[in-house]
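Sharing a structure, written as structure tokens. Questions coming.
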Amino acid sequence: MVKVGIIGAGRIGKVHITSISTRVRDAVIKTVADPFMDEETAAWAKGMGVQHTTKDYEEIIRDPEIDAVLICSSTDTHSPISLEAIRAGKHVFCEKPIDHDVEKIKEVAAALEGTKVKYQVGFNRRFDHNFEAVQRAVAEGRIGRPEIIKITSRDPEPPGIDYVKVSGGMFLDMTIHDFDMARFLAGCDAEEVYVQAANLVDPKIGEAGDVDTAVITLQMENGAIAVIDNCRKAVYGYDQRAEVFGSEGMAAIGNDSQSSVQISNSDGVTGEKPLFFFLERYMDAYGKEIAAFIDAIVNDTETPLGVMDGLKPVLMGLAAKKSWEEHRPVKISEIM
Amino acid sequence: MVKVGIIGAGRIGKVHITSISTRVRDAVIKTVADPFMDEETAAWAKGMGVQHTTKDYEEIIRDPEIDAVLICSSTDTHSPISLEAIRAGKHVFCEKPIDHDVEKIKEVAAALEGTKVKYQVGFNRRFDHNFEAVQRAVAEGRIGRPEIIKITSRDPEPPGIDYVKVSGGMFLDMTIHDFDMARFLAGCDAEEVYVQAANLVDPKIGEAGDVDTAVITLQMENGAIAVIDNCRKAVYGYDQRAEVFGSEGMAAIGNDSQSSVQISNSDGVTGEKPLFFFLERYMDAYGKEIAAFIDAIVNDTETPLGVMDGLKPVLMGLAAKKSWEEHRPVKISEIM
Amino acid sequence: MVKVGIIGAGRIGKVHITSISTRVRDAVIKTVADPFMDEETAAWAKGMGVQHTTKDYEEIIRDPEIDAVLICSSTDTHSPISLEAIRAGKHVFCEKPIDHDVEKIKEVAAALEGTKVKYQVGFNRRFDHNFEAVQRAVAEGRIGRPEIIKITSRDPEPPGIDYVKVSGGMFLDMTIHDFDMARFLAGCDAEEVYVQAANLVDPKIGEAGDVDTAVITLQMENGAIAVIDNCRKAVYGYDQRAEVFGSEGMAAIGNDSQSSVQISNSDGVTGEKPLFFFLERYMDAYGKEIAAFIDAIVNDTETPLGVMDGLKPVLMGLAAKKSWEEHRPVKISEIM
Amino acid sequence: MVKVGIIGAGRIGKVHITSISTRVRDAVIKTVADPFMDEETAAWAKGMGVQHTTKDYEEIIRDPEIDAVLICSSTDTHSPISLEAIRAGKHVFCEKPIDHDVEKIKEVAAALEGTKVKYQVGFNRRFDHNFEAVQRAVAEGRIGRPEIIKITSRDPEPPGIDYVKVSGGMFLDMTIHDFDMARFLAGCDAEEVYVQAANLVDPKIGEAGDVDTAVITLQMENGAIAVIDNCRKAVYGYDQRAEVFGSEGMAAIGNDSQSSVQISNSDGVTGEKPLFFFLERYMDAYGKEIAAFIDAIVNDTETPLGVMDGLKPVLMGLAAKKSWEEHRPVKISEIM
């Protein structure tokens, strides 16, 4: 039985508490820490089988009984708490991104060297049934050598402007998932990034120095060309599709919706929208990523997404930012 | 070059004139006869390359140059003109149904015996790209031994009440196409029919002694069970689907629509309705059935749909009528 | 907190234990009873939070602390244990069918009269996302007045012959779910049943006196005609579809599959099969039905499926059997 | 009746002969000229109703009876014959591209000034039912303001190397259709092009100095970003899709296939491949574009695609070539 401490009881912290409580057999949650821990959250956590709640995450770091830590706190705390936890000998699951600063991620990587600590970064989409299926088709060679990879990722609604300002920009906040997906589907790293982007959804996003619509082209190391299209607002819901085209065929995935019902009437044939909210869309994937982390601990295997998998999408995001600012293709090697 | 005479220049006659004129290489239309032939129709026919128009169909029967006759006149004339044409040694393409009276169809069959006359009946759906594809899948054994055959056939709008009264009833007028399709897909005849039917669309249809909605179950000779569902009115258009389920799989076809466009918005994901009008839906099939008839003449092969293929669906329709009246399953052998 | 006792720890019992343990907030499982309770099952149950396990279901009936009983034992025990539990004042969730004998179901109904006991029968499909969606569309009037209802229900593999022999026959074992679905979708009862059935899948099923393939026509009280097609074996998986056609449109649902991936290659465009196993297909529905039962207790409302909803499909199944034996349409009123 | 002369009786010339002969009511073909005119082609043309065939296209230019000329000869002759025909006062339908040399297209534009000559360039896809439907949805405002436009265009097989060498390169030969489509869907011109391209399909294409796989990003004047992905070889057939995403929704189109049949078996659910050959895919569109040209003559209206619509995609193609050579975004204004 893996004893887990969870740092951060916000939206994503609660998702992981629920997953461990309801579907991860080999783990129990000893402690949940959150600086804003209140009675309601504490009661809810108790109901989910959490043994102890606190405002002080250091209790988790110091607790010799706790084997593994899930870092679900704000982005700026990811790398410092990662370091603390690693030094305390605890396995770490860290929400993405580890940091926006490459040097800080490298510090985490350095801290891991020579230890037996398992480290996993939270790119949940790799565990989604659709993305898993398209990746498996590619990895099994069913479409031959990948030539063109297309990823569509559009949010149903833009985040609040206050969040936009501290988000690190769309490329590090939103596209980062797609950068990870491009690596996952291609089975290799990117060499170069070119960005065409615009502020079309909300002028306030532009005033905050960010974009909300983008097409990002990636030259992958295996010769394939990847292209990501992003928008902060799709009125029809959370649009999450991908397609890998290769020498022997194509594998493509569509969106999930609430049901398969189709209404035919004089207006046409109408099916349901894609699921609107990311937690609804990826709930199962969140459960599977935590289960994979716990499995890696129990079986002493590598985690499916290590610290370098946390670093690479940040490099791609920084290259994308530079491409946007300088209006030219940017090599990943310019960032490192 | 096959010289053709066409009897009847109504809606379906015009379809065949157009097909021969634009896509059947080995045939020319010498004469078109219609008791209501007017200047406009005659001019249109000329424009389509028709050499001669007349009000008197006997001109066609008597013309020694004419090799083949297409009977597109009203249903009551189908069997007498068939007999005349056969006796004049002309190949005959006859619109469905040959007659509602089994004896009259048998007379046509008898007249054909010992002659070299090609006779084809107009069940156009067998030449449709979708129905052809599902039939081919079954015939090639791709779904194993057929077990359940489902045919959905719903009209966009009911015919006028005057037509309903002389139509022979829904089973002989509308379901007759589906009876033919059941035979085509099963690759065998039906043994027994059971009808559950109702008058739900328009009370006037019921007052005229007919039904407008039905589910018809067929026991096929090969052991498969077929089920047809019909309605005289589907607000979303002409609904023409089929599915054959067997020991090794299932083959299914859907509707055609004007385009593949799908609009995603806050209401859902909406595609186009099925094509609304039967001439639009089956235009290509009408062309292929006439081409097949001409091919059978040119190559001296059997027509794809002979006089017995005209008889069998009428027997099924009469059995259906009896089943409806007597509220019990009726064997086809009870009709013959 | 509703205290639950579960009688029967076989496949379906385990499903309900898992659901209550992981997703029903307002219930705890005090006791699980099974005559074949072994150490492994007991340990698994403990892990799911079950407080106590036993071989003797009477412990549950006698336990004054237990509020509600789930009857997941063999079919022959459903009605006697229902009676015991009702008399002990416990709320009852009973797996389908309550009994194959109409009189025994009526005894259960009589026992419930004048009590405050909540009784729910386990027709899980009503809680499935697809069936819920099509029923909602109909109930909201989006397709007008229902005219034709089509239900396809095909199992991936036939049950063992030993099971077939005690199953009560396909109509009471398998079609019973579809009979319930016809009532659910039509929003009314059936008046008459006609069966066309055959033994096509496995001759042993025929030797056991049963059929494995059927098309069942139902005259519903609201005028609609329903048609169910069943087969005990579909090589492509568990086929669970429905369509309701009405005066203003059609609502249709398709199958669920593991993912939306489609592979395009020189063979065609291939998507995944329907989910193969009923527990996989309906896992979520099983959870929702139990949650609905617990909600009805907590909020003192009617259960969504009462004892009469357990009776009606049995009547329909018995009428279907009679129709098959006597080869004629049978009125439900002939059974009661 | 518009009298037409057709210059070039190769593959595309034959398509237009067939269209005019079978579906354009207001035109007749007086003369077909081709330097390689042989007996077989002449006989076929006669059969299609062509009055006269010749090896000398000047006969057409000089013939005072001929109202309109279709230029279907090799690309290098498009602009000189356009000039001759315009000077002879004949309406011109010219296959794409008018020329690879911008100056020569401008000469054609200059020659048209002040004349009443109708000039149409052959971007057939604008007349395709799917592309028409998505464009109409955008133009009618059904998706709001366009933000992201995606065009997928992949050929089933690469052309021969000899053709590749004289084709002007993939961007001017293949992508040119997609450049036109981007303008059609966006309703405006492009400002800038960025190309990521590779030689992945056949090394001989690379040796000939060309690419076979590309992702091309376009900044459109209305703020939308367009992205085209091309490949010279898709094993599953001719892949022709598009999607326009906007502030109020998305309109998307898929491929056409031979039929809607789907086979479900233990391997999955398999539908047909996209239509393989461009003539099969766009046969109807070719007919509609010629009908539109004849209509513009008959009704004295503007052609749907004038000489500037021929120029713009060439500019985009040249900018794409420059972007590829210089590995940077290139403004269209750099070309003009």
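Think of it as A, B, C and D in the order they're written, each chain with its own count starting at 1.
The working rule: a residue touches a chain if its C-beta (ideal position, glycine included) is under 8 Å from a C-beta of that chain, and two chains touch if they have at least 3 such contacts.
Here's who's who by UniProt: A, B, C, D = Inositol 2-dehydrogenase.
Computed from a predicted structure; not experimentally measured.
Novice: Name whichever of A-B and A-C has more C-beta pairs touching across its two chains.
Specialist: The comparison resolves to A-C.
Novice: Report the chain whose mean Cα position is at the greatest distance from that of subunit C.
Specialist: Following the centroid criterion, the farthest chain would be D.
Novice: Using the average of all C-alpha atoms in each chain as its centre, how far is it in Å between subunit A and subunit B?
Specialist: 58
Novice: Taking each chain's centre as its mean C-alpha position, how far apart are subunit B and subunit C in Å?
Specialist: 42
Novice: Could you please state the distance in Å, as a whole number, between where the Cα atoms of subunit A are centred and where those of subunit C are centred?
Specialist: 39
Novice: Could you check subunit C for residues that touch two or more other chains and list them?
Specialist: 235-236, 248-250, 264-266, 272
Novice: Which of the residues in subunit C come into contact with subunit B in the complex?
Specialist: So the residues of subunit C in touch with subunit B come to 144-145, 147-148, 150, 154, 194, 196-198, 200-201, 213-215, 217, 219, 223-225, 227, 229, 231, 233-236, 239, 245, 247-250, 327-329.
Novice: Residues of subunit B touching subunit D in their complex?
Specialist: Interface residues on subunit B, with respect to subunit D: 21-23, 25, 47, 129-130, 132-134, 137, 142-143, 248-256, 258-266, 272.
Novice: Which part of subunit B faces subunit A closely enough to touch in the complex?
Specialist: 234-236, 257, 264-274
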